[in-house]
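In the two complexes that follow, chain A is the common piece, with chain B as its partner first and chain C second.
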Partner chain A sequence: MSRIDSRQLFALLFLSSAWNVIGISGIYGTGQILGALLACILGLLLSIPLLMLPEYGTERIYHRKLLCLLYVLFFVLWGANSLRELNHSAPIQLLNVSGHWKGLVLIFITCLLTSTNGIKATARSAPIILTVMTCSALILIVGAWKRIDLDTLLMESNGFKEGFASCMTGELAVAVVLGHKGNLKKALIQYFTAKWILYSVIVFLCLTVGGRLLQNQPYPFFILTSLSQPLQGQRADAFYILVFVMLTILHITLQTSLTAHLLETIFPKLKGTAPISLMVMLLLAWAIPERVLQFSEHCMIPILVFAVPMGIRLFQTRKKVVTS
Partner chain B sequence: MPYENKPIPPELQDQIANLKYLAEYSSDLLVNSVKIGGISCALIGCEGMLSTTILTELVLQPLMSIPPQQNSQALFTHIQQEMLLSMDRPTVWNYDDLFRLLHSGFAVLLAEGETKALAFGVQGYEKRSINEPSGEANLLGSHEGFTEAIRTNMSMLRRRMKTPLLKFELSSMGSLSKTDICLCWLTDRVPPKLLQDIRNSLESAQLETVLSAGYIQPFLEQKRNFFDTVSTTERPDVLAAKLLEGRVAILIDGNPFALVVPKLFVESFQTLDDYNFKPWYACFLRWVKYGAFLLAILLPALYVAISVHHPEMLNRTLLLLLSHAEADEPLSLPMEAIEVLLMYEVIREAGLRLPKAVGGAVGLIGGLIIGDAAVASGLISTPMLTMAAISVTAGFIIPDLNSIITVLRIAFILAGGFWGLFGIGLLGMIVLLRVCSAEDYGFPITAPLSPFYRKGMRDVMTRVNFRQMQSGNFTVEEYHEQD
Partner chain C sequence: MKPIALMILSLFLITLTACGNDSLDNRVYTQGLGISGGENFTLTFQRFEDVNSHTIHAETLSEAMQMQEANNGGEIFTGHTELLCIDKSHTLPYVKELFYQQWISPSCKVIFTNPEEFLQNYDCTQMVHTIRMAEENSILPITDLSTVLNEWLGMGETALLPVPAGKLPALVLMRQNGDVLRLSEEAIRGMYWLRETGTKEISYQGENISVKIIRLEKQYENETLCYHLAVNISDNPSEVQKLIRSDCEKAIAEMRSFGADVIGIQEAMQQQNLDTIPEISVKVHAFT
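Moving on, here comes the complex of A and B:
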């Protein structure tokens, strides 16, 4: 597989996490921003062993089938969790368009088609989608600008735990699989900064535009888009459906393509790895309870992001000492 | 083939008999027995393929003045070493080569006792003169376009690149047609691997005939994709510019289009006039084209999706206007949009295939009379017709992508009609990822946008002037992704 450059890696990681960010389940207070900051710093600290790996260190993962399997397991669980989350958010977003199940089936079919294009195609599409998303974020800010009320910002300061949890997502494992010395450091710093900025902006806008209205409301981002209209007499809410759909497809395609890519590494003769991966994700999403899925996903992140690269690093150092 | 690698026998009678037998006594085979230098010979040609004037003046007259020779070997040595009858004079050892040269306009000399033949390039077949390209017109550049004769095309290219670095490699394709094809490249700009890969791709084609560029193109595209990964041009100046950027071209005899590898998606938006206008105006035109591309694909779909599923996105005046216009329409909006566009495609296809004079009339009748009648009868609303007309006109700006635009436009209308912006988003992602997956020989067609190359942006997002462009020695090799 050819190397993915730092821009593409950054865009992939950021857009994948943006899907989680715009799908935040509640607005609690400014504490969320601090929680997110801590999660980002912790994520950066966790990735230090990864950054210390020698040139194209993550290639080491591909050479060990068991390690590959471990990452496959994580991406499958993460994908299943995403499908479950989508199942929750889908009624709110898609019901008025096509109905809950119809919408989910369409998304599933689309992901089936897009994931067969491979991880390189997904990576190349990410910067283009990022441009669309940046434009939509600007439109949102322009629309929200007139309605910002800073007084509501001071009312609440809780939500630290929620902020921390919503910024601890599996993208770092993507960085382990796709990263190398040439693209990793820059991409990770940009990713954590951009992710924190996006999360903070959304929480800030939800608090200052929506105020108490958005508290205890599920999926406050989409209510924020209804409140922030850039033009008088014309509503732009539907435009964000487009952005949401693009992010959803990219998010699930990334998980599926990565699983398929690793499966191809383990079983070179296996055909149709992308559809198989997506089917397994769907099956797990249906069979495993949500709490178990989330718990296992969060448990595996430090292992895959910190312990595995650390192990590789230590193994390499020991090997060097023995050889010399 | 019955004559594949069949050697030429020493006896002249057998040589001629074999020739006639293998050609199955074809009427265009000309065999003239004559004594040259006291040796029995035969001069063979193919009627209509050679110039009789050139043959008489440059070949026949000098041959007839050859003094008596001891044997045929001495005669051929004399012709080869002491006479310059033609610039192109290969030696032929078998009937395979003999027929290929004969049918390419060569005169072939056979002699008693010789197992080889001498060929002389005296081509003189009728061909179309150089005209302005019909599909790539420009205002300020050259008005020359390629013709069907491969050697004329090679000369047009050579006139623009008088450097020994420009290399032509002639070969033939098609087991029956033996069509001449010519690989062209600049030796200092093209990596040997790309060249070898292209040669391998061409060798993998087991075609009987090569009648147009479309016969070869699928063999140059390594992966199946909706989007072209091989570009075409009928302008020698455009081809020269592409070769300068390290691309490889394939000229095909009998076809006025050159195939160029690799292709980038952004190339479809570049024309030669962009480099003749002032940079600021060229840059403005580029952005108009990008906008037109989006309009061409998405405008009718957005109109349908917003009107049917998201009317809140329209302001009050526009909403009232549209609802008033659509109130009496018998068909649903998506069906109406597809009807208009299919009607346009039918009229366009009819105008294209008919003789030019009639084709113009068909366009006029289709555009004005049918369009006007359809609106007056209430089959189609005026806003829908307007949207379709804008979309179709916008598509004309990028003729290179016309086929893709046509199909995607209808697909997006269906997606937008059924599922609104949600459907457009889904289809948009399928198309985007499909474009991003397109690559040949390791060159992604989305470069320099993604993977991003800052240097490439100077001719994509903007068009810098030649003072800036002359520095850097850009070649497409910079976009190559290693596997």
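Moving on, here comes the complex of A and C:
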């Protein structure tokens, strides 16, 4: 596989996490921002062994079938969890004018098509989607600016756990599979900084613009977008929905393409790996309870992100000592 | 081949840029909406470019929407509503439903009136224009849907609403349950000083004076919650300072006589861990 540069890797990681960030399930207090900060710092610490790997260090994963299978399992579970979350949130997040089922089916078909193009095509599209997302974030801030009321900012530690969980997601495993010495350091630092900034801005706007309107409301980001209308004669909701759909497609395509890519490495003769991966994700999303999916996803992150690169590093050091 | 493919693709994209004709014809875009709770729910609406109003009696808001669709063959779309009229009945659940489920615009103006009578006799465009002008000219504080709903759901459980009254709208304090108190002219000015920022023109002894609100701070000192208002006054500062203070005190007195809070007293009490409402005072710091 030809390599992905740091700009593309950053865009992939950030956009994938942005999907989780804008899909936050509730607004509780400024503790969410602190929780997110801790998650980002912990993520950066967990990725130290990964950053210490020598050139072509991460490619050792492709040489071990068992390791590949472990990552395949993670991406499939993560993808299943994403599909489940999308199904829960679709009635609120997608305009319920024509029915959300049509939207879900169209998103699924699009993911099926985009994932067959491979991970490189997904990586090339990421900077374009990042530009669109940055524009939408600016429009959101401009529209919400007038409504900011600092009196409603709850300086409480509420929401620390939720903030931590929202930012402790599986993107680092993507960095292990797609990263190399040349792109990792810059991409990871940019990714953690941008993710925390985005999360903090959204929580801040939800607290100060939405106030009581967003408390105890599921998926508050989408109510925030209805409050942020920069133009008087034209509603901007459709633009935010467009961005959300683009992020959803990229998020699921990334998980599917990576699973397909790793499956091709393990079983070179296997055809149609992308559709198979997506179907398995859909099946697991339907069959496995939500808590089990979330628990297994969170348990696997430290193993895949910290333990595996650490193991590779130790193995290579030992091999070097034995050879010398 | 490539340019032809691009042209075909562009044509497809152009078809995606607007609603289908069919859908547009079959929709009722409401400009003014009136809701009344009471024993039976009543929905009154005025369409854009149409001064005639339509009234539907039903059990719930969604049933009223369905009835309208079945009778007139048009689906009600509230996303562009500019004026929402509510009365004394307990309308909060319906307003919440409109905001969270019917995509009503958060900048839609909310007025207290008899919805059916108002929408039958008046043009929404005129009323919306009057309220907007009054807000832009710093005569009224901002009272759009998101502000009203935020205040109702807040600790004070009371919102400030305009009420049609001659050329310029007046203001009322309205509780969640529909209880209402109409504010005096001085109290309306006081509410502006205590809630908004910006520049307000006032007439003092036949002279037009410009007052710029620099900042408003709440401080709890000596068992008193004090509102410190810093203003920049163009002329006659000491007299105008007294007038502003008197307006604010009048607004606070009327608000407290109604047991209401629309100036964040409850939030300040929570910050200071107070169980009972403290003494409230106003200090105006004038600069020229």
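The rule is simple: the second predicted complex is superposed on the first by the 318 of 324 C-alpha atoms of A that agree within 3 Å, B and C clash if a C-alpha of one lies under 4 Å from a C-alpha of the other, contacts with A are read in each partner's own complex, and residues count from 1 in each chain.
Note that in this section a contact is a pair of C-beta atoms (placed from the backbone, for glycine too) under 8 Å apart; a residue touches a chain by one contact, two chains touch by 3 or more.
Given the structure is predicted, the values throughout are model-derived calculations rather than measurements.
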First, second, both or neither for A:Arg147, with chain B first and chain C second: second
Touching partner for A:Asp237 - first (chain B), second (chain C), both, neither: both
First, second, both or neither for A:Leu227, with chain B first and chain C second: second
Chain A: partner with more touched residues, chain B or chain C: B
Partner chain(s) touched by A:Ala121 [first = chain B, second = chain C, both, neither]: first
Which superposed partner A:Leu113 touches (first chain B, second chain C, both, neither): first
Chain B versus chain C as contact partner of A:Ile129, first or second or both or neither: first
First, second, both or neither for A:Leu213, with chain B first and chain C second: second
Partner chain(s) touched by A:Arg7 [first = chain B, second = chain C, both, neither]: first
Shared chain A contacts, counted only where both chain B and chain C touch the same residue: 235, 237
For the chain C and chain A complex, residues of the former touching the latter: 79-80, 99-100, 103, 105-107, 146, 149-150, 153-154, 264, 267
Chain A residues touching chain C - in the complex, by the definition given at the top: 95, 147, 151-152, 211-213, 215, 217, 223, 226-227, 229, 232, 235, 237
Chain A residues touching chain B - in the complex, by the definition given at the top: 1-3, 5, 7-8, 94, 97-98, 103, 106-107, 110, 113-114, 117-118, 120-122, 124-129, 231, 233-239, 241-242, 244-246, 249-250, 253
Touching residues (chain side chain B, partner chain A) in the complex: 306, 309-310, 312-316, 418-426, 428-430, 432-434, 436-437, 442, 444, 446, 449-452, 481-483
